[in-house]
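Take a look at these structures.
Common to both upcoming complexes is chain A, partnered first by chain B, then by chain C.
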Partner chain A sequence: MQLLAPTRAEEAIAALLDGPEGRVAVLAGGTDLLLDLDEGKSSPEVLLSLHRLPWRELTWEAERLEIGATLPLAQLEQDPELARRIPGLHEAVGAIGGVALRHQATLGGNLVRASPVSDLIPILLALECEVGLLGSGGERSLPLEQFLLGPRRTALQRGELVRRVWVPALPSAFRWQRVRPANDVSQISVAVAFAPKEERWRIATAGVAPLARRAKAAEAILRGPSPGEEAIAAAGASAAEEAEVRQDRRATDAYRRHLLRTLVLRAIRAVATGVGGQPA
Partner chain B sequence: MIRSDARLKARGALEFGVDLDAPGALHGVLIRSPVAHGRLRRVDLDRVRSAPGVVCAIGHAELAELLPSGRGATAHPAFPAAELRYRGEPIAAVAARSLAEARWAAARAHLEIEPLPIFAQIEDVFPDWPGAGEGESEHVNAHVLARQGDVEGAFARADRVVRGKYRTAGIVQMPLEPHACLARVDGETWHVQSSTQSPFGAREDTSAILGIPEEQVVVEASWVGGGFGGKGAGLLEPYALLLAAAARRPVKLQLSYAEEFELSRSTLPSIIWVESALAGDRILGRRVRLLLDTGASLPGRDFATGYAIGFIAGPYRIGAVELEGYAVKTNKPPFGPHRAPFAPQCVFAGESHTDEIARAAGWDPLEFRERTGWREGDETPLGQKVGPFGLQEALERARAIRERWKKELPAGTGLGLAVGFWSTGTSAGGEVLLRLTPSELVVETVEAEIGSGSVIRGLVAVAEEVTGLPREAIRIGRTDTARGPYDAGVYGSRTLGALGNAVGDAGTKLLQELARRIPGRGELRLEVIGGSCVAVRNGSRVTVASLLTDSERATGGVLARGRHYGRGGEILAERVLTGGFYAYTDFTAAVHLAAVSVDRETGQVRVLRYAAIADAGRVVDPPTYRAQVEGGVAMGLGEALTEETLWNASAELQNPGLLDYRVPTILEVPPIEVEVVEGFLGAGPGGAKGGGEPPVIPVPGAVANAVADATGARVRELPLTPERVARALKLL
Partner chain C sequence: MTPSLHLLVNGVRREGAVPPTERLLDTLRWRLNLRGTKEGCRSGACGACTVLIDGRPRLSCLTLSHQVGEAPILTVEGLESDPVGRAVLETFVAEAALQCGYCTPGFVVALTGLLKEHPGATETTLLEGLQGNLCRCTGYSSIRRAVTRLSEPKR
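So, the complex of A and B:
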C-alpha cells in the first residue's frame, strides 16, 4: 500500500484521477477508515492522506459557518461562538466519541464515510448544510440531503473531494441516547433546527434505517417559533411512526421507537425555549 | 509518594508480555474452530504450510512426534482429536516470520467439520428449573445440594414468602494487555515467558496438557498488564511451546482483542432463584437455586457452583437454608475466574432479594441488614463459625454516609445499599527468598506485579515493617519456576496475605541470622546510611558488608527463606447432600452505597456518588488499598450497568470488541468515598485481609437497589442497561 500526502489540492485531485480506479482510499482523520483497514474490510492500493492540505478553515460569515473538510472536530468544539450561534452543532460535536477521537476525526471524513450511526449527519441535515466538492474542474456545492445517497454512499464523483461545509447558524438542538453515555454508538440521535425566516422546523434522526434522515411529516406539524405542547407531542409521535426503526444488538425496535419519540420532544422543546445542552 | 513502577509504566519502559521478543522469534497464530459444536473429520494444513513466510503448522496429528515419546497422550491434549466443543477452540497453530503472514496462512487451513447440535444457552438445556430427577443430564458438569435445618417446615410456618428470579450476564476481564507469551525449547527444557498471574499454575497446566514433567517446564512471568483472574491458568503457553518445538526457534504467541474475548475464560450467564420464608423480621428459611452456565468447561474444572452459591444466601442469620445448583454445560467457551469469581452476580441476586424483603415490609433496608447480619461466632449454612467480621461496623459507617447524602443530594435521587462478603484467607500458600546485600534487600519471588500493587508495593511494605529498611532500599527480584521458590499465584486476594506472611517470616529469620553475628541483646533493625545497609543493635551500627561471610560475598548476600501455608476452613460434612462445597477462610465484608439518578423517560441511570466501606483487617499500605477499592468499584459499575457478552443461537459471541462490550470510561465513574474498618483481623501480615476482590462484589446489587429506590421499579437482570430499566419502568 502506497501512502500519499500531498500539500496542494491539485496534487490530491490528480492522485485520485491517476490512481487505480476504486483502489484509492482517502484518509482524513482515519477514525472510521482505519478500522476497516485493520479488519481487512478495505485493502486499497493507495492511501491518500489529506492531513497536509490547508483545509482547516473555521470562518464565521453573517449567517453561516464555513468549516474546512479536515478541521479536527475538537477545534470546532472549542470555537467560542459555536455554542451560542449553532447550539445543536456544538452539542453534537461534543457528544462524539471521546476527547482523543475528536482531536483526530474531521467533519469531511464524517460526511464522506456516511455511516448509519454518525451523530453529526442528523444535525447537519436538520441545519440544511451545503457541501463544497472540489474536482479538477473547480468547486461545486450540493445540499447535504442530495450529497448523501445511502449508507456508505455519496454523490462524490471520481476525482472529487469534500472541500468544505457551510452550516447555517440557527437555533438548534441535538439529543442522543446510548447504553454508556461516554464514547459509545448512539442507539438513537435526534437533531432539531428552526429557521426563523421561513418559520420552518427541521427534524432529523439517526439510528433508524438505513441512514440518518429528515422526519418531514413531523416537521410539517410544527408552526411558528413556539409550537404548543400538543403540536410537539404530535410531532414526536409522527417522527416515531414514520421512522423505519431497526433492531440490532444495541437496541430493540420498540425501544428505539420509544426513544425517538422522547428525544424528538426534548429537542423541540429545547429549541422552542432556547435552552441548550443535554442534561448531564 | 509515587509507586516505584509508576514512572517506568508512564514512559513505556517496562516489558509486558506483549513486548516480549527474541532474536529470530517467529509469530504464532491459532487456527480456531468456526463452529461451536462439531466433529472434526479432517484437518489439512498443506495450504497453510505452503503460504509465504510459514515455518511450521501443527495440529493434533503432529502432537505425537513433537512431544517426548509416550508423553503426548494426555487426557486433554492441546488440540482436540475429534470433538469441537466451542467456537474459537484452537484446532491447529501456525508459526511464520511475521504476524501478518501467520494470520494470512491460518486462514488457508482446510477443515472438514461435521456439525453437531449446539447448546447455546442455559435454556437450551433446562428451559426452567429442573424438577426432581430432571437434572440428570450429560449437559451438567456439576450438581450441588446442601441443606441446613428444616427448610420445608420454615416455609410452612412462614407469615410471608418473598420470591425473585434473577438473571446475570456473561462478562470478560478485559485487561489492557491481552494474553501473550514467548516460548523456546532448549534440549529437554520447555521454557516460556508469559504474562501470567501464576507461573507455577501455568507450569502445572502446561505440564498436564503436554504430558511433560513439571520440572522440565520453566515459566517466567513478564510484567502483567492486568489480569483480573483471566491470567491465572495456562492458556497460550502449551501452543507456543509446541510451535517452538516444531520450528526449533522461539515463538511469540499473543491474542488479538477479539480472541481475548473468546478465549479468556470468564464469567458466563446465570439464572438464580431466591425465595425466603419470613415471620415478622426473622428469615425462617431460604431456598437458593442456581443454574450457572459453565460453557464447555471440562468436568472437574467447576469451582464456582459450590462456592458461589453460598454468597446468594448472604451473610445473614437464616433459620434454615437449602442451596442447590447446577453447572450447566453449553457450547460457549469454558467458564473461568474473574475478579471475585461470580460473586458480584450472586450478590446482585441476594442483595436485590434482601431489599425486596425489606421494602415489601416497609422496613429500612439498612436496619434490616443490621438486625439479620452476621456477627462473629454466627454459623454459616454449611456450619462454619464466622470469624472476625466487620459487617456491623461497616453498616454503621454506611448509615452516617447515607444520612449525609440525604441532606446533600436532590430529591428523587435513589440510594441503594448492598452487602458483599468474601473469603480472602491465606490457605493457598507460598514462599519467598530474601537476599540482603550490602546495599539493598531483594525479595525474590516468581510473581509479577499485575497492576494491583500487591507485589511491588504490598510485599515491599511488609519487608519495610519487618526489617526497618526504607522502601527505596527494597526491590522485587523476579525469578522463574526453575530457580524461584513456590507460590500459588497473584489471585484470590491472597498475595499480600500469604506471600506477605512469607516475607514477614523470611525477614524475621534474616534479622535473627544477623543478630547471631552481632553480640548483644536488644532488638536488631536495619537502616540505610549513605547507600549502605546497616544493622543497628543497642545503638551500635554495623554495615551489612562487614557481616557477610566469604561465601555470601561471592553469592550476593545473606539469604533467608520464608514460607506461609495458611489454614483452610472446615464445613460440616453432613450438611452437604451432593457435590462439592468449599469452606471460607477470612470472612471479609464490603458494604457499598450508591446514589443514582434515573431518567424516567429513557431509563438511563447515572451514578452520582458512590461509597465503599471495606473490612480491611489492617491496612498495610493505605494508598494501594484505596486504589484497589476504587478500581473494584469502577469495574463493578461496568458489571452493573453496561458490560455484557451477547451470544446468538449458534453460541457465537456477537460483541467481541470494545465498541459493543462497554467497560466504564472515567466519565461513568463518580466520586468514590472509601472508608476502611480495621480491627476485625484476618490471617495476613498484622491481621490484614485481602483487598483485591471484595470491592467489586456489592456494586451491581447496590446500583440495582438504588434504581429501585429512585423509581420503585425493580430490574432483576444484569446489566441495568437503559432499555432494561425502561422496561422495568413499563415505558415499552
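So, the complex of A and C:
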C-alpha cells in the first residue's frame, strides 16, 4: 500500500481520480478507516491522507460557523465561543470517544462514515447544516439531509472530498445515554434546535434504524420559543412513536423507545430554558 | 516500499525506513525499542497506547507514523525530563496508583497532556479527560487519589 499526503487540494482530487474506482481510500483521522483496514473490510492500493491540506478552518460568520473537514474534534470543542453560540454541537462533540480520540477524529470523517450511531449527525441534522463538497469542477454545497443517503452511503461522487461544513448558530441541545461514558456507542442520542426567526423546532435522533433522522411529526407539535409542558410531553411521545428503534446487545427496543422519549423531553426543556433566559 | 521517515521522539531525532501504513505504536515499540507505550486493544478503546504529539494526547495505535511529520512526540520514557510529567509520575508513585502497571503509561501520559493543555485543571476536568483510559485492576480508587492530588492548587 502506498501513502500519499498532498499539500494542495488539486493534487488530492487528481489522486482520487487516478486509476479504477476503489483504488484510493481517503484517510483523515483514521479512527474508522484504520480499523476497517485491520479487519480487512477495505484493501485500497493507495491511502490518500488529508493531514497536510490546510483544511482546518474554524471561522465564525454572522450567523454560522464554518468548520474545515479535517479539523480535529478536540479543537472544535475547545473553541471559546462554541458552548455559548451552538451549545448542542459543543455537547455532542464532547460526547465522542475520549480526549485522545477527539484529538484525531474529524467532522468530515464522521459525516462520510454516515454511521447509524454517529453522535454528530443528529445535532447537525437538527441545526440544518450544509456540507461543502470539493471536486475537479469546484465546490458545491448540499444540505446534510441530502448528503446522507443511508448507512455508509453519501452523495459524495467519485473524485469529490468533503471540504467543509457550515453550521448555523442556534439555541440547541444534545442528550445521550450509554452504558459507559466514553468509548462506547450511544444507545440513543437526541438533538434539538430552535430557529428563532422561523419559530421552528427541530428534533433529530440516532440509535434508530437505519440512520439518524428528523422527527418531523414531533417538531410540528411545538410552537414558539417556550412551548408548555403539555406540548413538550406530546412531542416526546410522538418522537418515540414515529421512531423505528433497533434491538441489539446494547438495548432492547422497549428501552430504546423509553430513552428516546425521555431524552427528547430533556433536550427540549434545555433549549426552551436557554432560549427564554438569554436575549437572541 | 518503505519510505524513509524522521521522527522527533523524546527530544531525539530518529530516522529510518518505515512502511507507509505502520502504526506509530509499532514504530515506537519494535523499531525504536521504546516498549513503555503499551498495546491494549489496538482499536482506540483503552488508551494504553497514548502518547503526546505536539503536547496533545493521541492514540498511537490509530496513528500512522508517516502522519506525524515534524511534530515532537513524547512517550512515557520521556516524561521524567518534563516538569509536568515528572510531577505526574511522582504522584502516581506516592499514591501507588497502579497494580500490574499495564495501563499506567497511558494514564500518566494522558494526564500530563491534560495538565499541559489545561494548567490548573479541576479534578472533574481531569477525570473526564481520563474517561478514554481503562484499567483492569486497580479499581481506579488509587488513580483517583493521584488525580485529586494533581488537581490541588500548588502552594
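Methods note: the second predicted complex is superposed on the first by the 273 of 280 C-alpha atoms of A that agree within 3 Å, B and C clash if a C-alpha of one lies under 4 Å from a C-alpha of the other, contacts with A are read in each partner's own complex, and residues count from 1 in each chain.
Keep this in mind: a contact is a pair of C-beta atoms (placed from the backbone, for glycine too) under 8 Å apart; a residue touches a chain by one contact, two chains touch by 3 or more.
All of these numbers come straight from a predicted model, not from anything done at the bench.
Enquirer: With the two complexes superposed on chain A, say which partner A:Y255 touches: chain B (first), chain C (second), both, or neither.
Expert: After superposing on A, A:Y255 lies in contact with chain B but is clear of chain C.
Enquirer: Would you sort A:A14 into first (chain B), second (chain C), both or neither based on which partner it touches?
Expert: In the superposition, A:A14 touches no partner, neither chain B nor chain C.
Enquirer: Looking at the overlay, does A:T31 come into contact with chain B only (first), chain C only (second), both, or neither?
Expert: second
Enquirer: Could you tell me if A:A195 is touching chain B, chain C, both of them or neither one (first, second, both, neither)?
Expert: neither
Enquirer: Is A:N183 in contact with chain B, with chain C, with both, or with neither (first, second, both, neither)?
Expert: In the superposition, A:N183 touches chain B and chain C alike.
Enquirer: Does chain B (first) or chain C (second) touch A:A209, or do both, or does neither?
Expert: neither
Enquirer: Examine A:G98 and indicate which partner it touches, taking first as chain B and second as chain C; both and neither are also allowed.
Expert: A:G98 sits against chain B and chain C alike.
Enquirer: For A:A233, using the defined touch cut-off, is the partner it touches chain B, chain C, both, or neither? Pick first, second, both or neither.
Expert: The answer is neither, since A:A233 touches no partner chain.
Enquirer: In the superposed arrangement, does A:A83 touch chain B (first), chain C (second), both or neither?
Expert: neither
Enquirer: Would you please give the residues of chain A that touch chain B in one complex and also touch chain C in the other complex?
Expert: 98, 181-183
Enquirer: What residues on chain C touch chain A, complex-wise?
Expert: Touch residues, chain C against chain A: 1, 3, 20-21, 23, 42-47, 50, 53, 56-59, 62-64, 66-67, 69, 110, 113-114, 129-133.
Enquirer: List the residues on chain A that touch chain C in their complex, please.
Expert: Contact set of chain A toward chain C: 1-3, 5, 27, 29-31, 34-35, 37-38, 47, 49, 51-52, 74, 97-101, 103-104, 181-183.
Enquirer: Can you tell me which positions in chain B touch chain A when the two form their complex?
Expert: By the definition above, chain B touches chain A via 601-602, 604, 606, 641-642, 646, 654-655, 659-660, 662, 664-668, 721-723, 726, 731-732.
Enquirer: Spell out the part of chain A that touches chain B in their complex, as residue ranges.
Expert: Touch list, chain A to chain B: 98, 177-185, 187, 249-252, 254-255, 258-259, 262-263, 280.
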